[in-house]
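Listed below are the structures to be examined.
Look at the two complexes coming up: chain A is in both, with chain B in one and chain C in the other.
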Partner chain A sequence: MNIKKIKTLLVLLFISIISNTHSAIDTDMQEVASLNVNAVVAPYTTVSVSTNELSFSVLGTPGAYISTDVVTLTVDSNQSTWSAFAQASSLVHNDFGVADLPAERLSFAINDSKQFLPLKNNVLFLQGVIDQEPEPVKLSFRLTTTWQDTPGIYKGKVTIAFLNNP
Partner chain B sequence: MTSKIFRLLCTWLVLFSSQVFSKVVVFPVTGLNLTTYPDNVSQGLVSFLPDASETTPVYYQLSSFRVNGSDVDKSKLKLKNYYTNGFSSLDRYRAILSGKEKSNSVTTMFEFKPTWYDVPGVYSGLLTANINANERINSYKLEPLPEVPIQVIVSPKTSLSLNPAQFSIATSSFNTPVIREVALSFASNKPRWSLYISAENLNNSTDRQVANDRVYVRIKDSLNPKPWVSLARPAEILSGQATPPSDIATLEFMVNSKRLDKAGNYLGRIKFFVANK
Partner chain C sequence: MPINFKIFVWLLCVLPALTNASGTKSVDMQVQADIHASMQMQWHRIEVDDLHYQQMKNKIKLKPGWVLLPYGLYVELQTNDVSRIVSLRVNNLISTNKIDTIATDSIYISHNGNALVTAKKDLAILDPEDRGLLKKHVLLFVIKTNPTQKPGQYLANFKFVSNTLP
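And then the complex of A and B:
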């Protein structure tokens, strides 16, 4: 017990000596020069998508068909707030002269939402701020077909755009 | 403090008694007082006024010159007057009066230029004449010549110049660091010193911050790179002895990046401190 107390006292004494030494140095310090520093944090934005191709297997009667692929989108940026937009073009039939499937027939939902948003114009679907770890967003796409649509293969493009809001 | 007053009192008494009994009067009565710093020439005037009957040449030299209890090279104190060829060191007798002044005073200029190796402090000395009091009285039947106290204060001085004096640096990682170099030219008359560096937090215009613990420094060593040292608290990077202005090191700086740092410019200062050892 006594040895333990002595050890504790010795430790406290040692800490006291160390702290006194530090304060002696601190009080004796004299500023002699300074250097102006400008640290530049370069802007960056990364947008990644899990796939660059979507397909719909429309094999039954006309109706709403969900894409077989789910697109996972990840946005990472250090520039103020940012926004992500989606837009689709009309789907064009492989054969010339067959009517397109208009863009508004395509819609999409975010994560597990059941609410599908039409892809007619630039649709704002995601906003972010800095100081936030990037979280992947799952995008499900839906195509609605009608009895008037000619059978065949239609191709189009879904564009995901990114905008910084400085 | 008491001993200083006592010393001044004694000096005054000696000089006062000299004025009364001697044939030479010195102005100012307190002697020579100079204040200077390394590489700076400090000069002061002292007048010697003989009376008409003083016809013997008078020579003076430094009989003692000390600082902090140690002797100082007496040749460092110099004088110039009508009888010297430019400034002459006072480690030997120098003519002050020719004996032909006929009551005209002779003004003598004293000069002291400390080097960076001269320790800061109060340098005290005494100018004494070539003929001591007994000899003047017994051999020449003249009054004793006054002694002239000398006091030179050498102030402590440390200078550090940085090249460049400011820099812009992109934040980076330790794997691929973006480095900025700064050359240090340092001088100090302190016998022993240590150089410390610390950094402020770097701030952007919207109060976002790169904390100072992400600012790093090391001494440049191309062959054997040293580990980076964080500037979160003052870090000792160099130490040494009194030195004239010389290039002592080149420092390398880097600022560690974080993915969530907002893009932009972050401004702040890196400060350099000197401490006596």
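And then the complex of A and C:
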């Protein structure tokens, strides 16, 4: 190859580079590669209660006694809707053979409400939606005793259950 | 792609969501109720014109020489304690000059109009089997007079005695 041809090739190469540079600057951005991103937002619900123990001290004559503890319940969820239910078990006496205190003797009120709902079955007491910031609720519990209740210590549990609706 | 495989893949995607939708979370709170023994009692003196007095007076058959005192006691009591016994104790009647007495040998009690019983022994007005029940008692007093008793005014002393079975 002679020098003339080489010069010619170099010139063409230079022109080509200049031309491509202009082309890259002047034209719109073109997709040269793509990257797929999958973001997985897992469903979650967090539930917290201020205490997991309720106690009633029935010192006087039978009647309605409010628990010494007020339970603060906080629910945080990314579900579109969710529901909270409350249920209680019967309170069982420490001594075998003594009649239980039926679950419906326990009732509860939300925040400062004076209306107590008996904990007979699953009681729907709270519903949330995703676009609403959940606020803590205060639950007060009440136990109603009668003269027929044998003195002593009774134990049971209250279950707060949550149903998510994604 | 075979249709069964498509269904399988679809189910694989959908099932977790369905599971989450029907899944529940729950929080248990332990409940303890301490019921103490309790008793409620109220009583008052009844006079001749009291309805209770009149009703029970009509049921009493007095023998000659027996005197029905012009007053009695109306008692209401109730307990949740299975081991509680409450009795009426009558002391000797003492004259106002504190010299003469009428012994309990001569005093009889009409309990709710039933047959007269001696006042020498304490009269049970609340038994263990009465637990939880509201018991109402009308107690009238009869003196079996005899020539040795001196005329005059006498003071009566009644006591309600509460015992607890071991």
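As a working rule, the second predicted complex is superposed on the first by the 128 of 166 C-alpha atoms of A that agree within 3 Å, B and C clash if a C-alpha of one lies under 4 Å from a C-alpha of the other, contacts with A are read in each partner's own complex, and residues count from 1 in each chain.
As a convention for this text, a residue touches a chain if its C-beta (ideal position, glycine included) is under 8 Å from a C-beta of that chain, and two chains touch if they have at least 3 such contacts.
Not measured: the values here are computed from a predicted model.
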{"item": "Partner chain(s) touched by A:60 [first = chain B, second = chain C, both, neither]", "value": "second"}
{"item": "Which superposed partner A:29 touches (first chain B, second chain C, both, neither)", "value": "first"}
{"item": "Which superposed partner A:97 touches (first chain B, second chain C, both, neither)", "value": "neither"}
{"item": "Touching partner for A:147 - first (chain B), second (chain C), both, neither", "value": "second"}
{"item": "Most chain A residues touched (candidates chain B, chain C)", "value": "C"}
{"item": "Touching partner for A:39 - first (chain B), second (chain C), both, neither", "value": "first"}
{"item": "Where chain A meets both chain C and chain B, residue numbers", "value": "43"}
{"item": "Chain A partner contacts - residues on chain C that touch it in the complex", "value": "17, 20-38, 40, 78-82, 131-134"}
{"item": "Touching residues on chain B, where the partner in the complex is chain A", "value": "158-162, 165-171, 182, 194, 196, 199, 202, 210, 215, 234, 253, 255, 257, 259-276"}
{"item": "Of all residues in chain A, those that touch chain B in their complex", "value": "25-26, 28-44, 76, 78-80, 130-133"}
{"item": "Sites on chain A touched by chain C in the complex", "value": "43, 45, 47, 49, 51-62, 71, 88, 91, 101, 106, 141, 143, 145-166"}
